[in-house]
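Chain nomenclature is as follows: A, B, C, D and E, assigned in order of appearance, with residue numbering initiated at 1 for each chain independently.
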Amino acid sequence: MNAAPTNLLTAIVLLPLAGFLLNGLLGNRLGKGFVTMVGCGLPIAAFALAVKCFLDLGPGGNLLLIDIAYTWFSAGKESFEIAFYFDRLSAVMALIVTGVGSLIHVYSTGYMKDDRSYARYFAYLNLFLFFMLMLVLGRSLLVLFVGWEGVGLASYLLIGFWFEDPEKAAAGKKAFITNRIGDAGFLLGMFLIYTTVGTLDMDRINAAFMATPAPMVSASLVGILLFFGACGKSAQIPLHVWLPDAMAGPTPVSALIHAATMVTAGVYLVARMSGIYLHAPEASAVIAAVGLATAFFAATIAVVQTDIKKVLAYSTISQLGFMFLALGVGAYGAAVFHLYTHAFFKACLFLGAGSVIHAMSGEQDIRKMGGLAKKIPVTFWTFAIATAAIAGIPPLAGFFSKDEIVWFALASGRGGSALLFAVAAVTALLTSFYMFRLLWLTFFGASRMTKEAEHHVHESPPSMTGVLVVLAGLSTVGGFLSIPHFLERELPLPAVKEGFEHYEHFVVAASIAIALAGLAGAAWFFGSGAARAERVRLAFPTLHRVLLGKYYVDEAYQAWIGKPLLWISERVFLRFGDQRLFDGTLHALAALGRGTAAVLGRIQTGSLHLYAFLVLSGIATALWWSLRHV
Amino acid sequence: MSDASLLNLVLFLPVIGMALLLRVPTSREDMIRGLTFWVMVVQFALCVWLYTRFDAADPGLQFATRLPWIADWGVYYLIGLDGYNVLLVLLTAFLGPLVVASAFTAVTRDVKLFYSMVLLIQFTMVGTFLAQDLFLFYLFWEAMLIPMFLIIGIWGGERRIYATLKFVLYTAFGSILMLAALIYLVVSLQASSGITSFAFADLYRAGAELPLDVQVILLAAFGLSFAIKVPMVPLHTWLPDAHVEAPTAGSVILAGVLLKMGTYGFMKLGFPLFPQATQLLAPVIATLAVISIVYGACLALVQTDIKKIIAYSSISHLGYVMLGLTTFNLLGIQGAVMQMVSHGLVAGGLFLMVGMVYERCHTRDLAAYGGLARILPVYSVFFVILTLASIGLPTTSGFTGEFLVLLGAFAAGWPQLGQGDALPLTLAVVAVSGVVLGALYMLWLAQRLLFGATRAPHQPFADLNGRERAILAAIVVAVFALGLFPNEPMHKTELAARHYQRLVTAAPAKAPMAALSHSHEGGNPDEGTFPR
Amino acid sequence: MGSLQFFGWVGVALFAIGLLGVVVRRNVLVMLMCMELMLNGVSLTLVVFAQQAAAAAATVLVFLAFVVAAAEIAIAIPIVLLLVRHKRSLDLDSYADLNG
Amino acid sequence: MIDTVLLYFFAAAALAGAALMLVLRHPMRVALALIATMLSLAGVYAMLGAHAIAVFQVLIYVGAVMVFMVYVIMLLDVREPTVSHRYSWLLLPGVAGFLLLLGILGRAVWQGLRASATGAPYGVQAFSVDFLNDYWLHFEVVSVLLVAAVVAAIAVIEVGRRGSRG
Amino acid sequence: MNATLIFTAMLPEHILLAGIVLLVLLEVTAGKPRAALAMGVLTTAAACAAALVLSLQGFGAAPFPGHLSVDPSALLAKALVLALAIPVLLISREDFSDRQFHILVLSALYGICLMVSADSFLTLFLGIELLSLPVYVLVLLAFRRPESAEAALKYLVLGGTASATLLMGASLLFGWGGTLETAAFARALGSSDGLALAGAALVVTAFFLKAAIVPFHAWAPDAYEGASVPVTAFMATIVKAGVLLAAARLFAEAPLLRPMADLVFILPLASIVWGNLAAMRQQSFRRMIAYSSIAHAGYLFYAFLGEGALRFQAVAFYLLAYGVMNVLAFASLPPDGDDRARDRLDNLKGLFHRRPYAAVMIAIAMLSLAGLPPFPGFIAKFLIFKNVIAAGFTLYAVLGLVGSYLGIYFYLRVVQFLFMSPEEATANRGTPGRFALGAGALCLAAGVVMSVVPGWVLGWL
């Protein structure tokens, strides 16, 4: 590969950082105009630069760009460089991040208009972009990890943006901790790679695992460790618990971080490390299984959620599950494809939801909505398009990417199977169903709003609707750009199991049917005031409770991990260890000293007889000792 | 003025400062404060100058002074900078002015005595790091107790007497055994080679020649005294009390520098003096280190006193240092050094911040606080930054240290797994879990202190003033500098790390360690002949 | 002449008895006399050894011992008088204000 | 022959006197017992041929010290509890220690001394010659000591006259 | 016999004697005591100077062969003791104006001079008595409280026992070796003959009694508490120094073998532990110092475990450090009309706020006595234990060090009182006299010198 040196990448990364510093340090003094300018201008500039780099690539230009900023640490032959790396995969990611990011910045100017911490908000947002770009552009796992933890930080800050509410602050903490758990695995994976391969540069690592002899380490072990990190970041079972709570943050944040970009970092990581996973069938199997399971369970939960953002959150988890399924079956291109389309329609959905909430002046419960279609038409139409897209209605973006995934789940030579296909299909059905349920409950039917709420309903400002329209447009046409083909060189699609070639059209038909079935189901259940849905709910109360309770995973963690940890720390370590054992021993020794001192003092009675006796016995003993051998 | 004499000036500036303080009438408190502050500033400036002049490529002792002191015992006044101490001296000098400035409003009783004691302890700490002669080292090491005893005991909290006595008696016990051990070491050197010398360089040779069992005993004696200072579980119980009772300045000095004495002692003396014994005991020490990491973190989790949380976090963080020192590979050692400095900055900064809020609310009980972010925005920003540094978030110095240490530990453990010894790797893995626990308690602290509904005694009060902002800004800048560009300082310590590594692994005791470390050293075993 | 061993032993015995007296007798004057007895025992031992070695030194030492004993008594008695004046008692056990 | 008998008699008497000192109640009687012991010791000295010592024994001890002692005893005839119970509570341990001491020391001396006496008797004249020739340093020092003792005694008496300042 | 030789050899003694005689004459003739202090100090200083000069000239002679001989180290020892006596005399000004005090002190010093150059037990015995008899009386001389008499009596009785024991030991040694020269003792240490060992043991015991080593220590706390401040200082420093230096001369360079070595290890160790522990809960300053002195006597006898050639240096340096710091503490003790009050440790509470410098002085003294660096006490202790370990008694040294650790607490307790405790309402407000300050200054200067250039000081010894 002929790599061309450049400095643009550093610039791309640093622009948002500059935004963060400017807004963070000066924002409050220089006022909203300045903040908006910096907060939106720099990401857009970054986007422009990304496009520029993208154009440098491609058939005409170089195969990839490398930008070595500086050496972070070196000792002997150990060396860690801060370097950036720009190939087609990074390009796709960078464009999504900067592009969608910029859009959401613009949207935010409207959404956060009245917030008193306007500057802080944009500072955080820029900070996020900075780290996210480090993540997708980093050449070595180290740089990636810096971004990886950094975006975690940004999401922590943004989830807890309204920190007066302890719930929100706690949600931020939960997100950070859960990510940290994943990161521990990531770190171990990194260490293992470094110890065995001797470098952290991802291109080198891939090469090393491709080469023969392979490194003296099981690729699957490395793969699973890294995947554990990905689980944390991309909210896969068992580390998915943080994402729903993360909805506590401002809605644009949910759109940007918890739908479009950050949560897909795990997908990016696995795709980027495909060199390892191609040689790690066990790890790939695990990924496929986990991904699919996540997709399915999240979808089931989403069916019963009543908070508009929670529904979207679970759908995000579910869609991420789809991506991991694709990764698991070796269809890295398909995964990235879905990542890309998902970025559009899920961002659109979240922003639409934001617009709805904005319109409802803060109300998020879809049971208190309905009939909004006429009141906020732009929001409705964009939301509808995005819904259709995620449901996989052709020819919208979601259809193509999801179809690819379902297809490879069945036919991939790298572990595709009928079972995967079946579950994926069911999940797709559920997806379409709950999405249309959401649409219905929100926009159709009779209004269930309180009067004054209804009175306040209003369409959002153009800064928001404009963004919605753009994203809806992307969700519509985005699918026609075939990312897998574009990435063919970096991420070749897996060979199709022989004998399956001619099932392709069947699968396409199936997925179309599934999508429409979901639509129909939603219409049938919720079209007439959700009476039928109610009946179903009463029919299976337990099931409903379990789903509402999200399978009680949080509770289980609390009971089996949180409480025992605290108990041990409190009872065993603090009470017994520190207080009784260690300090106890000390105090006992001190008491011993004092006691002896008291005894000695009592011996000194002041009676000369006693003193003389001490002398007498002393002399006698001394004589005895010195003469005992004579 | 030659650099060597500058180094002496750096060492003795605090004493000069004390002499000047004596001339200042007790009533002129501001003058006292100013004088002390400027003395510290000058000291720091000189240190920076020397740091820039410090030649990373010179393995030997730099800016050294060597004067006969107790001639017929072979005791010399021998000080100098080398890779071992250069960063720590700089750190000490850096924290000096900040400590002084932080006490401007906090300390109002016996101001003169207080600042004399601060200068005194500064003197002893710098001396401990600079000393290259065991007798001199021990002198400074022990002398350090006295000012600390007074600082905690006079300006401390309710249970200050208990705390300070606990601190001094605990530490003194270790030092007594160390004294016996060092005398034995010197005597045996005299017996074996006929030369009477306390110079580290000579003792390194003497120690390595001792029979293993003797080495183990001596290492235990030295190690006990160092481990108490670090402190390593189970010798740590003095630390929380001392920290909680000490005045802010005391806590900062304690966390910022004093604890490093222990790890520095291990790195400069304990391990290199007795290589075979170290090889033998390395698993034990590493295990204790990891226990400290986890134990400290768990205890920090259940504290309600802000200072205690940070105190226990110190135990946890210094566990990383010890772990790094026992990896015997360059990454781990360098990481340990970095972690020392980083912890000095971060923990010091956190204690300063606790002090600042304590000055305003007069309580350290976490339950009394909440939502400070609303009333103290600037404070909160700094607090969050330092919290993240303490968690070891990338781009902060904490990450540099932890990452290198853990990587080193893993790199040391993995090959041994091949030889069927799973312990080192297990330790590394468990240590990684400390990363999670660290996030757990620090974020818990931050959330309860800064977020949620605003709640604090004696509000409303003013946000940080210029002085406080300056103090914290200095620390934060340093934290990020070490997080983003650790390479330059690390190069200054690299030769020392190699020297340490060579001394400790020279012994044939444990093949895997040695082999690994050489492979990581880059196969040039005999570079750097230290210190002459 | 008889065996010196016996007389040497007697000297030691006197010394020991004197010491015992100091330990057990409560009357301060008696105790002082017991101290004298100790010195007497010592002198006897010395004389016996002197007889064995026939050297002047020991005899001189005995002489010095006498003088010193006299001096000690000369100092001790006034002290005792002082004590008795304050304590109105010769009982040693009543002189125990200093203790601990 | 006879002087050997005398010798042993004096020794026995000395021991007896010493023993009596331990058991007698009244200080005066104790003093008399001590005097007896001293006189018999003087006898022993004389019999052993150390006439000088014998003389000093009689002069210094009996003549000076004990007279002084007896005088003081008569001076303070305080009604004494010590007369009723003469022993401190340490009687038994004291005796035990005494026996141990006597055993060890006596054994040492017994073995240390050769069986029979030798050497010429050491008379007053020889003593005074030696003393003033070889030992005048000690003579001088003794004088200093006596001066100091006198000053000391006077000081104590003055203190007694002055009474406690505290 | 050459008179000039005697004159020069015993010049310090002669100067002291002259002083004594002069004072006695004045006592007899002149009525009002005047300039007693001046005479005492001058005499001591002159004697000290004489001893120092002679020792620096490397003067050595045996004016009374077999009884008394001087060599540089003996002269140095005299100089050391006399030098220590000067500040003690200065302290005494507040308590003693009369001549008797000075006569007694001078004769005690005379005794010490004899002890440290004695070659025969006669001289040694006379020296010890000449030292002891005056001190018995000094104890009650101030007589600020009735207990003084009791203290004096206890000291006298046990002191008398000590001299009897010494005599008994001497006579046994005489019986063994047929001579009363002290060299016999050094020989006896090595012998295995019963008589020799018994004699040696008794002599050692006598020295233990004088130096207050457990279990012969019991007199010390009572005597120290009963005496007045200057006299306690005198006993704690001068008397101890005299005894120990005499012991050093007595042991000479004789190698210490078992069982004697055990004797010289076990009992001192016992007194280190005992003294340090018993001092922990004292309420009287002087009593605490007494226990501390018991412990220090232990360290000092540890020095005898060391190699013969190094004993004198170790003992001398230790005595210097220890004595100087002790006197410093006593000099800085704020005076008070009521002796009991002055003696109460509680009176030191919050002293720093009344008179900071005094507090700092006492603190320095305490920390030095505790053996914490960088104070001279540490270097002295280091020297002793270094010798002990070098001689191969590593275990003994470790035990001794651990014992010394026990002592740190009660010294720190004093510092705690000085700086950290609230002032007591009843606390005395007396101001220390000029002379006491002078004494303190002298001691502090000496201490500083010893800790800054210990090598230089050791060079002299």
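Definition applied: a contact is a pair of C-beta atoms (placed from the backbone, for glycine too) under 8 Å apart; a residue touches a chain by one contact, two chains touch by 3 or more.
Quantities reported herein were computed from a predicted structural model and do not represent experimental measurements.
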item: Joint neighbours of chain E and chain A, given as chain labels; value: B, C, D
item: Chain whose mean Cα position lies farthest from chain C; value: A
item: Centre-most chain, if every chain is reduced to its averaged C-alpha atoms; value: B
item: Reference chain D; chain at largest CA-centroid distance; value: A
item: Highest-count interface - the chain pair sharing the most C-beta contacts; value: C-D
item: Distance between the centres, which are taken as Cα means, of chain E and chain D, whole angstrom; value: 30
item: Between chain C and chain B, distance of the C-alpha-averaged centres to the nearest whole Å; value: 65
item: Whole-Å gap between the CA centroids of chain A and chain D; value: 102
item: Chain A-chain C separation of Cα centroids, rounded to whole Å; value: 97
item: Multi-chain contact residues (two or more partners), chain E; value: 122, 126, 129, 133, 136-137, 140, 146, 153-154, 157, 161, 168, 172, 175, 193-194, 197-198, 221-222, 409
item: Per-residue overlap in chain B, given as positions that touch at least 2 other chains; value: none
item: Per-residue overlap in chain A, given as positions that touch at least 2 other chains; value: 601, 604, 606-610, 612-613, 615-617, 619, 623, 627, 630
item: Chains grouped in pairs wherever the two touch, ordered by label; value: A-B, A-C, A-D, A-E, B-E, C-D, C-E, D-E
item: Chain C-facing residues of chain D, complex; value: 4, 7-8, 11, 14-15, 18-19, 21-22, 27, 30-31, 34, 37-38, 41, 44-45, 48-50, 52-53, 56-57, 60-61, 64-65, 68-69, 72-73, 76, 78, 80-83, 85-88, 90-91, 94-95, 97-98, 101-102, 105-106, 109-110, 112-120, 122, 126-127, 130-131, 134-135, 138, 142, 145-146, 149-150, 152-153, 156-157, 159-160, 164
item: Complex contact set, residues of chain C against chain D; value: 1-21, 23-27, 29-30, 32-34, 36-37, 40, 43-45, 47-54, 56, 59-60, 62-64, 66-71, 73-75, 77-82, 84-86, 88-93
item: Chain C-facing residues of chain E, complex; value: 120-122, 125-126, 129, 133, 136-137, 140, 146-147, 149-154, 156-157, 160-161, 163-164, 167-168, 170-172, 174-175, 178-180, 221-222, 225-226, 282-284, 287
item: Chain C-touching residues of chain A, taken from the complex the two chains share; value: 601, 604-609, 612-613, 615-616, 619
item: Residues of chain D defined as touching chain A within the complex; value: 88-90, 93-94, 97-98, 100-101, 104-105, 107-108
